[in-house]
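Structures follow.
Each of the two complexes below includes chain A, the first together with chain B, the second together with chain C.
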Partner chain A sequence: MSGWKRDLPIGLVVLAALIAAPAFGLPRFWITTVTVFFIWATVVSQWNLVFGVAGIFSLAQMAIFAIGGYTTAMMGLYLEWSLWLALPVSGLLAVVFGAVVGLACLRLTGAYVALLTLAIAYILFLLIVTDTDCVYYEGTVCRSLTEGWKGLGRYGDYGFRDLFGRDFHLGNYGLALAVLTLATLFSFAIVRSPMGLAFRALRDNPGYAVSRGVSRFKYQLLVFALSAFFTGLAGSVYAGVFSVIGPNVLQLGLLLFLLSMMVVGGVGRPWGPLIGAALLMLVDETLKEEAFAGYRNIGLGLILAAVVVLLPQGLAGGIDNLARRLARRGGGAPGE
Partner chain B sequence: MNADPVPLLRCRGVSKYFGALAAVKSLSFDVAAGEALGIGGPNGAGKTTLFEVISGLNPADEGSIELEGAAIERVAPATVCHRGIARTFQFNAGFDTLSVRENVLVSAHFGRRNRAWPGLAHDRATGELADRALELVGMTERAGHMVRDLPVFHRKLLMMASAMATEPRLLLMDEPVGGLNPGEIDRMMEIVLGLREQGVTIILIEHVMRFLVQLSDRVLIMHHGESIYEGSPRGLTRDARVIEVYLGEGMAKRLRDAMAGGDGGG
Partner chain C sequence: MDTAVQIVVSGLTLGAMYAVGTIGLSLVWGALRMLNMAHGVLIAIGGYFSYQAIDGWGLPMPVALLVAMLAGAAMGALIYFCAARFMFRNEAFENNIFIVTFGLAIALENGILKVFGGYPLAQPFSLDGGFRIGGVYVPWQNVLIVVVSVAVMVVMAQFLAKTRMGRAIRATAQNRDAALLMGVPIGAVFAQVLAIAGSLAALSGVLLSSITTLSPQVGFDPMLKAFIICVIAGLGNVIGALYAAFAMGLFEAAIQFFLGVRFALPLMLLIVIAALIWRPYGVFGKKQVTRL
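Presenting the complex of A and B:
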């Protein structure tokens, strides 16, 4: 595939720069912020497989993320597992959950998938915040299974504090970067494999795809399940990095923030999630500054509106078109 | 016609209802391997519904459909494709945001058999099959084009290439020349004749009678979901019922004249 010849060098340069950044004195605050970017970019890169490539309007991605995060937290807290052991289990449990969501959406299309998956996420949110039954007492303090609104804590971390002392944030940075790198490679490989072809065929024309031998049942389940693995891992990494996980990860605001990343970057484009997540995180951090107080949401909204109107295929689509136009002007072959 | 004891396709008492309307009503017919059956009839006669039923997209309510003796009337459409029935559509179906070659690759990779695991890359044979299918319809030069940019004729050709890339034993064509100009119809006729020479079994629905009559060994005319004529193309133009509900005297005469002039062999 010719796409790899262009994408692999770009990816390696970006990866090298990200690995080198802390050594070149990237301030601690930014290292933590970029770590969060890695986590969100992982989620969006997998969401893009379902939403962009397969064209299924699922909004379940943060519920899958929460399953991953809570699994890790509970295994650390109740089973006293090392988070490293909990990490793959969280990914696999997320896959099971993702497949169940995919199964539930099988007979639905379009906006109805969005409604059902949003409902699933909201039910999960409600189950957590209304969870007040005491499963055990700590002294006289009642502890519930998920700790409701407060969220779970005190389940440990990925051990970077013991390993690196006060530089533990570098460990988090490395882990999140590793997961993002694998997730990105995974999504590129899927998009360019026959599976990606099946997902895109079903997106463009499901009836026609089925009559050409592509089973909708199988590939819809597959895209939900496959995209859930790294989403679950991202949830697990989040739980380890923040040492606390609560129902706030299921709130609509965050879901829409991540959805905006995908739209701004370019829905269905392999590079879209990374570009969109990087830009929106940067803008969000900038607008958090005192000087812009009150303009944060307006600013993000304006960017989203501008991209939807001016670059309907997102920044990645815009860059592709620009490159194609330049190649044509330079006498090169038109497109790929 | 049916020298072979087990025909390639056997339909017995096939019915499809939409509410009280019988779109296809206890229809029975056989298609022998290597044969070309033409299906005609007025709009709303149930021709396309019959294709929907055979290809499994809209299963039959009654009756049996067998492909080489194996029942397929309850089989999922993707599996019907794997069993060897490919179909083109009246509306110009295609994967709009995929390239021409990718469209054919979908068929070549997924259409021939069930893939338990779709793999991370398609093999060389699959790629070559896709390229041959494009060559068959003369679209090799357009392999990289995006399908949504194609004109109608090329979309029809692509649909044909995509059907052939599944290596079908039975090809169902739904109005392959509907909306095409005479030159394009001739080109399509050449392609279908080429397929017939390769021994592909064909059922085709067409309103362009010259196309239907010249390409079919046998013709079946449907009206209100039922068969009102089944026999030779020549007999079609003399059948009082067919002339009454479908052809009309003028068209029947033109076809008779065309057939008398077109081929000298009796």
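Presenting the complex of A and C:
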């Protein structure tokens, strides 16, 4: 397939560069930032399957992410499991949750799906934030199941501190990179499989697709469940890397940030999420500088709005168009 | 008995405010097929302009209300001229405008934060005192809210039913292409609808912040509730939205009383989810048959 012929070499070069980067003395601050980029890029690449490839306007991705993260944290804290054991369990629970969300949205289309999934995410947020009922006492300190605003902590990490000592952040970097690599391969494989064709058929012309025997029920559940797995894993990695997880992962600002990554990169384009995530992380780091203090969210919001209005196919779409135009001009040159 | 009166009083107040906020959202959806995620920030803008007009510029309350509504209308029109105008012919308009207004909302909200700070402010648009029904104290503020809301709704209904502009809006909502062919200037209608919706949102923001407090995020919960009401009524169904708004207000007051504030919004959202699964086109909506 010509797609793989182009994408595999590019992917391998990028992967090699990312593996080599710490060895060539990438500063510790940037290693941590890039680790965060890996986590968000994983989420966005899976969200892109639902939102871009299947065309379902779901905003539940961060809720699925939170389910993964909280599952890992609670297993570590209450069952005292190793996080390595909690990792796959988090992914599977996220799949179950994703499938339920998909089931709830089954009969809805367009904006109604967006509202329903936003409502689900917000319920989760409200229930966590207002959770103050004590489940156990630590001395005289009341501890609630999710610890409300504060979030859960003290459930351990992926053991890189014992393994690498001071350089534990390299372990986090590697783990997040591994998850991102698998997630990206997974999303490319899905897009180019017959299943991806069915997703796109249902997106582009649902009536025709259904009358040709493509089951909406089956494929909508599939895309929600499949895209939830790596999202849940990303949540679990996040919980392990930061050693704390709170309701802030469900806040609108973060949802908007990730949505911007997808939209800026190019909705429905396989490379879109990675390009968008990398660019938005850079913009975000720039806006965090003191000169822009307080303008971070204003900038992000305006960038998002401007890109949708001016460049509706995103950067990946823009690059594709440019390449096509150049190729046409190059091909036409001898005749002129 | 007192409990029932209490629930009815606060339920009607809430319902009246929700109704004003919801009509705007419902009109915009009906005419433009656009979910306006900036609705919440328009609510906040109304509240802050009224605050600024009364406390900052020393204007009397009715004028401040007008200032707030004008500011909301200007913001609504701005959304049309800066974003929607370039997009509504596009096929993916429904999804794209959602994202654009989402982005604008975050930017504007943080703009307010920058100008006024995040510290909650008291809305000066309020009346002191009250009266008693049996053992229940009814503040004049609640009466004011209900009266202003009902007055605005009556004016809106007359406007939509009787005026040329109202007829153009209804025609566009019913069938955009047919309206265009009959010579209705679609662009102007869209701008008007967004301006009207903006001023209604601003008005509901003034009323709402008068019984809570004013903060940059003040509009988010009401926006979600307005969406809930729209969805239950069927998006774009203005009359259904009015009934649903009052039903929701009473329902919320009852839940707050019996189960506590914590569960009010989650339960309402759960009801919406159930309603959407049971009747995807809204409780008052009609099932649409699409020809392929």
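What we mean here is this: the second predicted complex is superposed on the first by the 326 of 336 C-alpha atoms of A that agree within 3 Å, B and C clash if a C-alpha of one lies under 4 Å from a C-alpha of the other, contacts with A are read in each partner's own complex, and residues count from 1 in each chain.
Throughout what follows, a residue touches a chain if its C-beta (ideal position, glycine included) is under 8 Å from a C-beta of that chain, and two chains touch if they have at least 3 such contacts.
Not measured: the values here are computed from a predicted model.
**Q** For A:198, select first, second, both or neither according to whether it touches chain B, chain C, the two together, or no partner.
**A** First partner only.
**Q** Of the two partners chain B and chain C, which one touches more residues belonging to chain A?
**A** Of chain B and chain C, the partner in contact with more residues of chain A is C.
**Q** For A:189 in the superposed arrangement: first (chain B), second (chain C), both or neither?
**A** So A:189 only meets chain B here.
**Q** Should A:122 be classified as contacting the first partner (chain B), the second (chain C), both, or neither?
**A** second
**Q** For A:208, decide between first (touching chain B), second (touching chain C), both and neither.
**A** A:208 contacts both chain B and chain C.
**Q** Enumerate the residues of chain A that count as touching chain B in its complex and touching chain C in the other.
**A** After superposing on chain A, chain A residues 207-208, 211 contact both chain B and chain C.
**Q** Which residues of chain A touch chain C in the complex?
**A** Answer in residue numbers: 57, 104, 107-108, 110-112, 114-116, 118-120, 122-123, 126-127, 130, 207-208, 211, 252-253, 256, 259-260, 263, 294-305, 308-309, 312.
**Q** Show which residues of chain A lie in contact with chain B when the two form their complex.
**A** Residues 189, 193-195, 197-198, 200-201, 203-205, 207-216, 335-336.
**Q** Show me the residue ranges of chain B that touch chain A in the complex, using the header's touch definition.
**A** 55, 57, 76-78, 80-82, 86-87, 89, 93-98, 102, 105-107, 109-112, 114-115, 118-122, 144, 162, 166
**Q** Which positions of chain C touch chain A when the two form their complex?
**A** Chain C residues touching chain A: 29, 35, 83, 86-87, 90, 92, 94-96, 98-111, 113-114, 220, 224, 227-228, 231, 235, 262, 265-266, 269-270, 272-273, 276-277, 280, 290, 292.
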